[in-house]
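Down below are the structures I want you to see.
What follows is a pair of complexes built around chain A, which joins chain B in one and chain C in the other.
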Partner chain A sequence: MECVFGLVGKGFALVVADTSAVHSILLHKTNEDKIMVLDSHKLMGASGEAGDRAQFTEYIQKNVALYQFRNGIPLTTAAAANFTRGELATALRKNPYSVNILLAGYDKETGPSLYYIDYISTLHKVDKAAFGYGSYFSLSMMDRHYHCDMSLEEAVDLVDKCIIEIRSRLVIAPPNFVIKIVDQDGAREHAWRESIKDAPISAA
Partner chain B sequence: MARYDRAITVFSPDGHLFQVEYALEAVRKGNAAVGVRGTDTIVLGVEKKSTAKLQDSRSVRKIVNLDNHIALACAGLKADARVLINRARIECQSHRLTVEDPVTVEYITRYIAGLQQKYTQSGGVRPFGLSTLIVGFDPYTGIPSLYQTDPSGTFSAWKANATGRNSNSMREFLEKNYKETSGKETVKLAIRALLEVVESGGKNIEVAVMTKDHGLRQLDEAEIDAVVAEIEAEKAAAEAAKKGPPKET
Partner chain C sequence: MFISLSTMEALWWPWSERIASPSPVTAASAFSFRPSPLISREFTRSTKRSSSALSGLATDAQTLYQRLVFRHKLYQLREERNMKPETFASLVSAILYEKRFGPYFCQPVIAGLGDDNKPFICTMDSIGAKELAKDFVVAGTASESLYGACEAMFKPDMEAEELFETISQALLSSVDRDCLSGWGGHVYVV
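Let's look at the complex of A and B:
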């Protein structure tokens, strides 16, 4: 039921994820952030087993930071993607992680990029990608409307189209989504798309 | 492996650990390093022995980051330093991963000192031949700290300290001239202490300044030269003042 998708635009990359934390039939919270900021210019959106998601993405984040301290320069997005894939591959036939990852980053020399890394260590460099049941709808939407070098407005518009499809066609559609962007100015939250706001706790 | 568990560091009849003391000798032969703690700034300075003409001096960084808010300078065997610094960097990230908190300066100092001590009580290994100066700001209270460790594994906090070559002279100078400083004054105090034992000039010293908001910043040669010039000018003015106003004949 987790929906994560992303695309590359002109000088930026977007990663979108739903923000529901679900356990069996219970919705724990609707503002769970599943897109980790790996470093100043990288985003890692993850879906899958909740514990594995948090553990694995934090582990990758700390290793990316360690590389920077050891070498004085940050990892490129491609290097981070390959490192992530390697970690998944090593664990695969012992203690596999059930996490699907979309890694988006911006490098000064090569611009924005997006990597698709699934739970059995498939690695693809792509322009657009999606995971989860929502992918049936968002991939079709992106196939229809995506083109190279989209502007930010066009890209966010496409993201909204995908979210509308997910909300209207997925039987248990997640209510809220977060959109994060990475460009030359860094990785940051761009917007939320909320249809449910957690009610404030009333005084006793 | 039986050949390798013969301990190298053993007690002498009069209670000395000679290997540790010899390691301290190695430190005394290393380049001079000084650390000064101000109210909002901490400064680390290291002597740069004349670099070979063909060597790329940028590849020899003597003051390093352990984490965003912690830095380290050392005196002694540089190869040993690489090993210790690597372990410390891993520990900084590991701590963040397990407890979701950055390390405090004291924690990482205790870790490094613990590592140095372990190698004075293990079979088949020799102690690390370096003393470190560790500086940083507490991640939550923002209080600056300066710590020193040595090959025996002891550590303590200091307001200002020096290690390496001629550290005694530098420490004496600091004891005489230390006062609570901030910003540029802290930088000046550290450089003044270094200049006691090093030939003056930006080419011969490496200085890095750590502040809470900007982390560690290496000063470039021009900046160091500027401060050195200021110090020399102040010294000259003090000399002239000492000579006193011209006496009436």
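Let's look at the complex of A and C:
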């Protein structure tokens, strides 16, 4: 089951996702990137139906870019989150997407923020959040150890604690995780936590 | 499935009234969220004199909240005045009944002061059936408990402080016995 979780620290936000691509009982690959970089200062980690996940996050990414082209300025994180919620809400009673989203961003005026949007388009602005079976473990770990304004070292340490819990306690635990960070310097990959290494392949 | 569940009540009183609304708890898969963001999202202060709160499915509460704010602002632009709470209640009822065969899973509670500061409270089911009351209205997952608590504690013609105490005690005692709501409450005075 897909594990995505995230938290807000002092001047940054982290999103962590597992990197397994699963089809029924088959593990296709262990380096699937589920955290899309929407623009220079936004990350969208998504979990759910694989096709919906890829299609919906790409759709949001292209619309965020379109707004920037049309208007000359980028969307704020809150605006992007509300746009995403709007798209999910409109589709909900027509042809719903089964995608859960954690949207993290950094704005110059308001600093880092994290938005939780579940598959029926419930939007919450949060400090920490998680989806999937892994959430049973990561939410409890974060409830215990999280505090406001964590430094990067503390936050990555907490993320590692969550990953250790997921690996040791979830029956079909994903082997690999990717950690992405967004701060004033932008959105980028921070680290991988791998226990299985796939053979490297050229990108599609 | 995520459901934001909340419990609300509005007590009636000669000169002003209160909507008390506990911080909702998102149930299912044992997730909970901090109170304040959910409250501000579910609660519309549509005019200076009327407010509404929405219990039920969080996504529909958020969508309905946005639609109601839009309709009320449009009304203000056209009529250059605020909507009376009776009118607002009829608007909410109409919007809910529009979706009769695919409803919003929300139960609103509306409270406000109409003409001559006359207090007005009402609640609705998810397809807009209005229930007006003289004394109190309740909605949410702990509504049965709230009916009991309010019936026991309500007295007509209470003053502001007493009403505040009454509504808070009724709310807290009801949600303390409901696993799906809690983490405190907000009392709004109109």
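Here is the rule we go by: the second predicted complex is superposed on the first by the 198 of 204 C-alpha atoms of A that agree within 3 Å, B and C clash if a C-alpha of one lies under 4 Å from a C-alpha of the other, contacts with A are read in each partner's own complex, and residues count from 1 in each chain.
Keep this in mind: a contact is a pair of C-beta atoms (placed from the backbone, for glycine too) under 8 Å apart; a residue touches a chain by one contact, two chains touch by 3 or more.
The model shown is predicted, which means the values in this text are computed figures rather than measured ones.
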| remark: Between chain B and chain C, more residues of chain A are touched by C
| query | Between chain B (first) and chain C (second), which does A:Ser121 come into contact with in this model arrangement: first, second, both, or neither? | reply | second
| Now for A:Ala89: first (chain B), second (chain C), both, or neither, which partner does it touch? | second
| request: Scan A:Ser135 for contacts with chain B and chain C and give back first, second, both or neither. | output: second
| query | What is the contact status of A:Glu58 with respect to chain B (first) and chain C (second): first, second, both, or neither? | reply | first
| Which chain A residues come up in both lists, the one for chain B and the one for chain C? | none
| said: Looking at the complex, which residues from chain C come into contact with chain A? | reply: 1-2, 4, 26, 29-31, 33-34, 37-38, 41, 57-59, 62-63, 102
| task | Using the touch rule from the top, collect the residues of chain A that touch chain C in their complex. | result | 85, 89, 92-93, 118, 120-127, 135-136, 139
| note | So, in the complex, the side of chain B touching chain A is made of residues 61, 65-67, 86, 89-90, 92-94, 96-97
| Hey, which residues of chain A end up touching chain B in the complex? | 58-59, 62-63, 65-66, 69-70, 72
